[in-house]
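Shared between the two complexes below is subunit A, which has subunit B as its partner in the first and subunit C in the second.
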Partner chain A sequence: MKKINAKNVNVSYGSKQALFDINIDIEQNEVTALIGPSGCGKSTFLRCLNRMNDVIDICKVTGEIFINDFNILDKKCDVVRLREKIGMVFQKPNPFPKTIYENIAYGPTIHGMTQSKEEMDEVVELSLKKAALWNEVKDRLHEVGTGLSGGQQQRLCIARAISVSPEVILMDEPCSALDPIATAQIEELIDELKNEHTIIIVTHSMAQAARVSQNTGFFHLGNLIEFGSTDKIFKNPENQKTQDYITGRFG
Partner chain B sequence: MNRKEIFLKKRYNSEKRFKLYGKLAISFALIFLCIFLYKIFSTGFSAFQKTLIKVDVTYNSELLFLDENPSLDDIKNADYYDLALETMANLDLNADEDQQNELKRMVSYIFDTEIKNHLLKNPDLLGKTSSVLLTASDDLDQIFKGNYPRDIPEDLRRVSDYQLTVYDKLIKDEKIISKFNFSFFTRADSREAELAGIASAVVGSFFTILVCLFISFPVAVLAAIYLEEFAPKNKITDFIEVNINNLAAVPSIVFGLLGLGILLAVFHLPRSTSLVGGITLSLMTLPTIIIAARASLKAVPPSIREAALAMGASRMQTTMHHTVPLSMPGTLSGTIIGLAQALGETAPLILIGMVAFINTIPMSPMDPSASLPVQVYLWAESAERGFVEKVSACIMVLLGFLILMNLLAQIVRHKFETKWS
Partner chain C sequence: MNSNSPHTVKSYEEELKNLNNNIVKMGVLCEEALRKSIITLVTNNSEQAHEIINNDQEIDKYENLIEQQVVNLIALRQPLAIDLRETVTALKISSDLERIGDLAKNIAKRSLLISGNLSKNLVGILNALSENVQKQLKSVIDSYLERSSSIALNVWESDEKIDDLTNQCMQETINFLKEDQNNLKNGTHLLFVAKNLERMGDHTTNVAEQVYFLVKGEYLEGDRPKHSEIGK
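Coming up: the complex of A and B.
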């Protein structure tokens, strides 16, 4: 089933166009990887999906992006509601400089999701368990989140993102600041999370894309060159550029 | 030696020379600071000592026109002047009228009050004799402290030969003593140097800074938040930004003229009050706080804002829940530094009339009051010898407050600021 459907999405920063006519369909409860050389517009596209580009004054987005058949680029779309549904994990772990508990409780609090302290405790515990962090931090929920290791911080950010039960989770190079062990933990986690969430992940690692995703899109200079099942893209790409990129001949 | 080695040697030499220049510059600054501090401390130190003359007072009820068993109120309302005169005359029983007058001038003019307060503390002394400490006149005080030469012709001195002989006899009898000068901190300004204190100036400065804080802090923080977090970046905000920086560079006397022309002339606010002083100074502090607040808002990493926004927080929530609390330590330390600057500011206060002679301690910002820097100016203007040490002492107190405030700013910054890796 299609979760997200982008039609003719064009993005420009001032006079510089960053994305050209992107059309893409993203399947529900699958992991979609976006790959491509640096500066090709992967992050830009990802940030269209939760309207994070709104923050950048010079950024103009045109076209249509349907999520659950609702055009989120429409003026009527409420970004607060949208971002409650579409969570995001960033390249560099960015926990709030508050306690672990407060980090997770922030989303449910501002969206008024819980009625009582007990309910909130439950949400925090569940989120941390889903992010495979519970066992490591259950005794120090009230210590600052920024005191954790890099990999733990990133899992804390994932826990924070899933605390509001988003339908889609966007991940922008979530492992690029982590060591191989932490990376493996996060990849395992992504595999788990796809049962309940739709995941879109930007990555620079071909191996990671191949390991975690079911579908892959290859971007180059602001164009979506090829999009299809990960198997096909890696084993039998149609486009020469895709072939060159995944075999490491450029990028 | 080949060229490369020569070149290397040159580089090392220039580095050494540069370090030397740096050290020279620092020592130069330090020497000046030391000379300055030495001068202030050596002259100001004696102001914290007060010279007192021990006299025997016989509380004669007849001289006080009191009946057999007077009530405390009677004792309070009695006239002590005659008793006080008599007490001073008793220092030299052979003194003629002129000399008695000179004896009287060896103590401060509040000698009768001092004698009265002593009795009020122990009312059963009535009819008995007790020794009382009277504040010495400023001239005698200066002689005792050695600030005043006595080996010059009599007509060049403010202390007569007769007074000196009495003084020497008192010294021999150990009747002249020196004590910590509490009244310097508890009394308001006075025309008499031996009685002048900084209480009105300290309280006045406190009210002024308080008014300044209450006006400039909220305005500046709101302005900074709006400019940094909400305002679109366009020509108008650029223009505002440039003008805030200009405002910070405007000489303080201009703000004084503004206070004079608008607060006093148009709004008719009470002259010489901390209220007007505080409002005037807040105009000066405003840009300092805005700049500090904006800098610390800028120092909050964008990733924190993105994290909050991506969680579905509105812009307002992002700002109020995350950015502003994280910027507070920097903003506060900037505020304290701004207030410290305002505390030392003199020119604008002189223009709005805080230079008036005020011999009462203000009870509210609406009362006429002095302020520390202006008090320094007033005393420095004064011709009397006794005020010289007061000037330095007042500067010491002012410097003490400034150092305290700057220290506080440092502590706030280093203790509470979040460190970003």
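Coming up: the complex of A and C.
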């Protein structure tokens, strides 16, 4: 089932256009990988999906992005509610300078999702369990999150993102600072999370895109050059540019 | 779709080129083994027979080398798209070529066991069959070199001809066997030779399928051209 449908999305920063007429369908409960050379507009596109570009003054977004058939670029869209539904994980783990517990509790608190301390304890535990971090931190919930290792911090950020039960999780190069073991843990996690969430991941690792995603989109100079099943993209892409990029032939 | 532009990493480009060259060299050695094996057979040239038998080691060496190169590419380069297909098909093509080499060697061995002259009819049909297999093998190597799916498809579709000639060759050999009790030994070897040539044709067809996949990224659809039944 289609979860997200972007139609003729154009984005510019001042006079510089960063995305050109992007049309894309994102499937529900699947992982979609976005690949492409640096500066091609992957992060820009990702930020459209939770209206993060709103905070950049010079950024102008046009077109339509339907999530559950509701156009989130519409003025009537409640951006706070939207961000509750669309979680985001960034390249560098960015836990708040607070305790592990508070990091997770933050979202459910501001969105008024829990009534009691017990309920909050449950949300924290469940989120950490889903992020495969619970066993490692259950005895130190009240220590600062920034004291964890990089891989643990990234899983903490994922736990924080899923604590509000978002429908969609956006991940912008979530493993670029992690070692192969932490990367494998995150990838395993992504595989699990897709059962309940729709995931879009930006990655510079072809191998990672191939491993975790069902669909892949290749961006180049602000255009979506090719979009299709990950299988097809990595075995037999249609477009020469796609092939040149994934095989390491870009000049 | 092929890639014209070279890899950013030059050593990767070199490795793929090298793999490609080894397949072609191996293919040329197989062509030669096949061509000589039939000449050896009809001329009773035992010296050449031994040469073919020895040279098969060279073909085997190429198979090992190609296998190592493929394993290295997969382990160290993680090839994708066209590069992935290059790598995987090289492995499969080399194993079909190795079988072709073996079958040529087997013909050379049998030529040592055949005594006396063969009838003109038999020589004629054997030559016709082997020439056809040679032509197919040459075309399939061309198709690989030129990355031509249409030549590969043509080879694939022409395998039927080899099957027909094999049947004719077998029929001729059966007639030869019926003529005289003393023909039993030669005739039996010749049946195997005909079968070997037919098997070489099959391996050539396998290579054609690989070349098609390499170029197109999709598999040849449908059944192989029909094999008519032996001895019909």
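One rule holds for everything that comes next: the second predicted complex is superposed on the first by the 250 of 251 C-alpha atoms of A that agree within 3 Å, B and C clash if a C-alpha of one lies under 4 Å from a C-alpha of the other, contacts with A are read in each partner's own complex, and residues count from 1 in each chain.
Methods note: a contact is a pair of C-beta atoms (placed from the backbone, for glycine too) under 8 Å apart; a residue touches a chain by one contact, two chains touch by 3 or more.
Note that the structure is predicted; figures quoted are calculated from it, not measured.
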Partner chain(s) touched by A:A207 [first = subunit B, second = subunit C, both, neither]: second
Partner chain(s) touched by A:D57 [first = subunit B, second = subunit C, both, neither]: first
Contacts of A:T247 with subunit B and subunit C, given as first, second, both or neither: second
Partner chain in contact with A:I110 - subunit B first, subunit C second, else both or neither: first
Subunit B versus subunit C as contact partner of A:P237, first or second or both or neither: second
Common interface positions of subunit A, toward subunit B and toward subunit C: none
Subunit B residues within the subunit A interface of the complex: 232-233, 301, 303-314, 317, 321-322, 326, 418
Subunit A residues touching subunit B - in the complex, by the definition given at the top: 50, 52, 55, 57, 79-84, 87-88, 90, 92, 94-97, 106-107, 110-111, 146, 157, 160-161, 164
Subunit A-touching residues of subunit C, taken from the complex the two chains share: 1, 3, 5-9, 12, 78-85, 216-218
Residue numbers on subunit A that touch subunit C, as the complex places them: 206-207, 210, 234-238, 240, 242-244, 246-251
